[in-house]
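Here you go, one structure.
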Amino acid sequence: MSQQYPVLIVIVPLLSAFAISIAGWVNKRLCFPIIVTALGVAVYASVGLLLTVLEKGVVIYHLGGWPPPVGIAYYVDHLNGLVLVVVSLVALLNVIACKKSIELEFPDKAAPFYTLYILMVTGLLGIVVTGDAFNLYVLLEIAALTGYGLLAMGEERAPLSTLNYLYMGTIGACFYLLGVGYLYIVTGSLNMVDIARLLPPLYQSKAVLAAFIICMVGVWLKMAFFPLHAWLPNAYTHAPSAASSLIAPLVTKVMVYVMIRLILTVFTPEFAFATLALNNVVVWLAVIAIVMGAILALAERNLKKMLTFIIVAEVGYMVGGAWLGNRAGMTGAILHIVNDALMTLCVFLVVGNIVYKVKGYAFEDLQGLFRKMPFTMGAFVVGAMSIIGVPPTCGFFSKWYLILGALQAGHYGFVAALIFSSLVSVVLFFRIFEICYYEPFSDHHGHDHPPEPMDEAPLLMVVPLLIVAVILILVGLYTGDIVNHVIKFAIPEGLV
Amino acid sequence: MFWQIDLAILTLVVVTAVGSLMVKDLLGAAILFGAYSFLMCLLWSIMGAVDVAFTEASVGAGVSSVFFVAAVFRTSRRTKD
Amino acid sequence: MKIIGLIITIITGAFLVYAAVDFPAWADPNSPASTYLSPYFIENSMKDTSVPNFVTSLLADYRGFDTMFETTVIFTAGLVCFILLRISGGKEPETRHYRHVLTGVTVTLKEGRKIPASEDFERIDDLWTPPDLIIKTGCRLMIPFIQLFALYVIAHGHSSPGGGFQGGVILGASIILLAISHDLRTALERMREKVVAILCPVGVAIYAGTGTLCLLLGLNFLDYSALASVLHVDPISARSHGILMVEIGVGIAVMTTMIWIYNNISSAGKYNQGL
Amino acid sequence: MSELIPTIIAKYNYWIYITLMMIGLYAMIAKNNLVKKIVGMNIFQTAIILFYVSIGVKKGATIPISTGGHGAAHEVVHAADYLNPLPHVLMLTAIVVGVATLGVALALALRIYSRYNTLEEDEILAQIRKK
Amino acid sequence: METITSIKPLLAVLVSLLVTPMLISSRSPNVREGWTFVAAIIKLAIVASMVPVILQGTEIVYTVAEVFPGVAIKFKVDAFGMLFALVSSTLWIVTTIYSIGYMRGLNEHSQTRYFCFFAIALSATVGVAFSANLFTLYLFYEMLSFATYPLVAHHQDQEARSSGRKYLLYIVGASIGLVLPAMMICYNLTGTLEFSKQGIFTGTEPNATMLVLLLMLVLGFAKAGIMPFHSWLPAAMVAPTPVSALLHAVAVVKVGAFSVLRVLTGVFGIDLLARLNLGIVICYLAAFTVITASLIALSQDGLKRRLAFSTIGQLSYIVLGVALLSPKGMIGGMTHIAMHAFGKITLFFCAGAIFVATGKKNISEMVGIGRRMPITMVAFFIGSLSVIGLPPTGGFFSKWYLVQGTIQADQWPMLVVLLTSSLLNAAYFFPIVYKAFFCTPEEAMFEDRIEEAPIWCVVPLVITAAGSIALFFYPTLFLKLAELATR
């Protein structure tokens, strides 16, 4: 069975989506066990796949038995093996943690919600695992459409911000499709590896240049890279907490993965970094993204929205790191995909718990939370430390590689931006800690006021959150292993 | 194929596209969009993409227009631009 | 916004024009797209799958995996429309309108009272308009033929334009036509919401299930030649049959999704009279 | 100039697709009405489909359906006789994606209308700001 | 240099970290504090068990995980680290006793949180002491910054909030803004961050780069309180006194000074600094801080604030000693970590005891307090002797070596600075003691009745005062360690 892992990762969630959809009309209590089982299988298969890749190298799976480039093929190498594990793990932990809030927010639409949820995960996993440029587009649309559905289920402003997201997302996906078309018109192939093989003689062609730029712009739109980020904060803020804690960690990160895949596999670093002189422009854009994201986050008085601006800044980290054009920067970008997915999951799950208990996420709603929800806030502290970049949480280590890459590339603007955003993050998070810690103020030194009773979220929500917090630290401690055994092989030899 | 027909369809495609965006009535826009889709479908069948044309005829000109009309019916026909 | 839009549009357009200069000339038989991969499909489609319509063999076999997700996209759209719009378990309206079919008299009942279902009275909404007999009858006559044609399109997709997708849309359109010419309630009596909602995933599941069956029979996912042992035919015919199976799945899924989306949009999720 | 005109004519499909695409893009950015934007979005998508279909065209070739029909497996098929079927297949998918996006977008527009009672973006934003 | 691999350093760090779950789950305060004691004693035992090995000139090494090529989370116990770890783990026990008296005496809130973060802070301190490279040091340094924040802001009122902000802003701002990039640049230049006697640089780097890196690293460890990064220290004095005592006289600030010393001796290396003549820059920075801080201390009325400025000055002694780059000066600087710790903690304990017993915080309100709290004030006298550097206290030795160091390094201006500041120290400590005991009955603000703070408060300060004196007679251990470290 293990040679079928690549397809099982996608097929099991897909089939379970139909099962959940039908179960919703028959017996609603079946939905949750089905989704957990399916995601469990996906996690199992992706871990198994990563281990296989580590042992034997790239795994290729021919769908329909047709060898590429005739048919569609799945290529699993170290890069997407790693991302697969992250995506499936995040989805599994999140669905367990969000069961209560899903049932609270959508008492009668839980089954369609679960269906969309797992379809979204299917889409994301498919994007990561596929080796076919057009197949990627189709899965991109699945992830996007389900995303619109999930996001629009939120507060009253959610449909409008989702519709804006839909416009932007469609433009992004269409640009990507157009880029693939340009590649097809000059090479005649749709298979990524095959395209990469056919491209080198065409590096001077304007069409290839255009294909590259259009693909990049499309992907940047989808990942909300500055200056194309305007849709993200509103769309994520007004979404239901179960949806935002799935989408915020995964979608932008998977899109960053797509960008890296395009650079590394399809266009090859020689073309992307050497033939084109775009590096500097993009890294400066990333610098602006980081600085803007940090400043805009500083202006927010609302926890969830603040976090969304941090996502914009984090996207800047990854894009900038990838475009530094050296090994350390690329390592940092790939490592940050893993780390950022986990830490964003952590903080958004915290927001979910807070919303579940306090029914709000504005700063005023957070008063006294350290006492009220100590475990949730404990995990929040870990997540915040990771976003700030304090060792030994994992956020520090990817930042390390990013800074190292920037130093090696001699790009001091990027170094400064990273340091700046770390400092701003300190302010951002400690402002929140202060509110949760000091307020509401009592008259005298806080000696006598009766301590507020502890009112923690249900165990089912807290335990996955704490697991994520522990993972954040473990990933940090094992960074050396991840880099040496996985990421090192994910980057082609040519990139130094 | 005669180039005159080709040219006429191409012109009409652009005209209907612009028209459906310019007309100050959403129902009109929906219908013009249906016309646009249908012309597009003609264009494709001229190019030999019969399956695509067939699909566009049933989806673009058919179901899409119905969806548009239904949505406009449920909201409003008013538009400022 | 208009000026920004204009600037962005012009820049993008100029860039695309610049890039298009390097394209191979239009309809050039020697362009890479026409010479690299496509000859394989054209020359081997018949040998591999015994399907004369290359588009169908390519759609459902060589790139069948894409098509499975394409169907899933459609299912997703239906589901999203449902989850966004459907007002489930909503309160019954305080006032109900009924129309006596024979006389055309409208009866309004308040405080939630209702008339038991009978031949004589039909329920109507505030927005009710008198039906046109010609349209009603005309549509009623046309619908069976439309459906027959749709089935033909699905079944004959192997050797002529068409296939599960187009046929499914047409099948769906026939029910939508019923809903437009009569009203949504009439259409819903033919196709209950639950039926639609269950058939839709079932349709996609037929597709994915066929693929999984191949996987369980020991070959790769969607490798229809594995079905040969079950269908007792040679692998090439098995591919042809496999394509038919998935086309049927696609047809069911697409038909129900179109109906589902229409139902939800035309009644804004209330499932009343509709358009 | 004398070289330019043949270029324009030789690739007129590409120019048309760019024109349509830009019309759609402009509508999506600059239009105020939500449904108009959705129309623009669909035009944008069809433009790309037009582009792909144009790739598939081949001089002197016919539609991609084997003339031999069933049971003609032994016949030699010449690739040059038939149009490239691959772009067509891709575009079937793209059309489906387009209609799916359309359905979702219209559903969202309906939700927005039921909340704000208008489809004009500026009016909606004004309502939000007033709160 | 011989090395042996042992897990002991890791255990020493983890003991106080692992005890936190016990603290949280303890049902009664007595059980909780029992656990704290157990952890403190185990920690001291582990640290002490390594002393004989270190005294033989051997180093103990333990690698936890390699995180980057050439950089690992790695512990290395050498003489200097041992000196610091020994001081801090000894004083933890004393401070725990004192904390119990103080916190219970004032009936403070959130005591569990207090003890937990205290334990975590101690872990971080020992972690810093045992770090084998700059990265591990940075890791524990940051851990200490964040673990002490809740302690500084313990009172949870507006004042605590603004002080906490200032504390974080200076400490974390400097470490992320200066140390992190400097560390990255070092790594990029050399590919390693491991401390070694020769330093990590080849010496071929441009002088300007070295100067910038040095300044970034020295100033970036803002816990050392070198001006202009000093003003968090007085602000942090809003914390409960045991926190001020252990953390702001011993752990936190000494971690800063320790880190600066590590940078000077381990990252740059004495030889390189001497060759590039960079030591003198640090010397002048430190000298400036010493004098200015002492002058400011003179003008402070709040007892804890005066102690805080005194601390700033004394920290720069340590830095100054090493920056002289002469062997004697280095021994002086390193032993000063221990000597000053004992002296200053006594002073803080006294300040806290006075606050617990009388509620007074300002020096002007303490006239005649010696009659009411004789034991405390005698201890205060001993402590101040140690800080000034007069016999019969341990402080005498470190000052003695420092003075010798200036002579050895031919830095006469520094000798003047040291002597001036000693005079200033005397000028701001002796009046307090004098007024406490020798005042006319009219001036006295207290009744002539002995009423000391609770026994839990008094015992620790007696112990540390006695320790200060004991160090005068038995300074061998620390001197030996410092000597080993400079060799």
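By letter and in written order, the chains are A, B, C, D and E; residue numbering begins at 1 in each of them.
Criterion: contacts are C-beta pairs under 8 Å (C-beta built on N, C-alpha and C of every residue); 3 or more make two chains touch, one makes a residue touch a chain.
Bear in mind the structure is a predicted one, so any value in this text is a computation, not a measurement.
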Those chains which touch chain E and also touch chain A: none
Contacts common to chain A and chain D (chain labels): C
Per Cα centroids, the chain farthest from chain A: E
Distance-maximising chain from chain D - centres being C-alpha averages: E
Distance between chain centroids, defined by C-alpha means - chain A, chain B (Å): 38
For chain A paired with chain C, centre-to-centre distance based on mean C-alpha positions, whole Å: 32
Rounded Å distance, chain B centre to chain C centre (Cα mean): 19
Centre-of-Cα separation between chain D and chain B, whole angstrom: 11
Chain B residues counted as touching two or more neighbouring chains: 50-51, 55, 59, 63, 67, 70-71, 74
Shared interface positions of chain E, touching two or more other chains: none
Overlap residues in chain A, where contacts from two or more other chains coincide: 134, 138, 141, 145, 148-149, 152, 159, 184-185, 190
Chain-to-chain touches, reported pairwise for every pair that qualifies: A-C, A-D, A-E, B-C, B-D, C-D
Contact footprint of chain B on chain D as seen in their complex: 12, 16, 19-20, 23-24, 27, 31-33, 35-36, 39-40, 42-43, 46, 49-50, 53-54, 56-57, 61-65, 83, 87-89, 91-92, 95-96, 98-99, 102-103, 106, 109-110, 113, 118-120
Residues on chain C engaged by chain D in the complex (per definition of touch): 1-2, 4-6, 8-10, 12-13, 16-17, 20-21, 23, 25-29, 31, 33-34, 37-39, 41-43, 45-47, 50, 52-55, 58-59, 63, 66-67, 70-71, 73-74, 76-78, 80-81, 84-85, 158-161, 165, 236, 261, 264-265, 268-269
Touching residues (chain side chain B, partner chain C) in the complex: 50-51, 53-55, 58-59, 62-63, 66-67, 69-71, 73-74
Of all residues in chain D, those that touch chain A in their complex: 25, 28, 34, 37, 41, 44-45, 48, 51-52, 55, 86-87, 90, 93-94, 97, 100-101, 104-105, 108-109, 111-112, 115-116, 124, 128
Chain A-facing residues of chain C, complex: 15-16, 18-24, 31-38, 40-41, 61-66, 69-70, 72-73, 76-77, 79-80, 82-84, 88-89, 194, 197-198, 200-202, 204-205, 208-209, 211-212, 215, 219-225
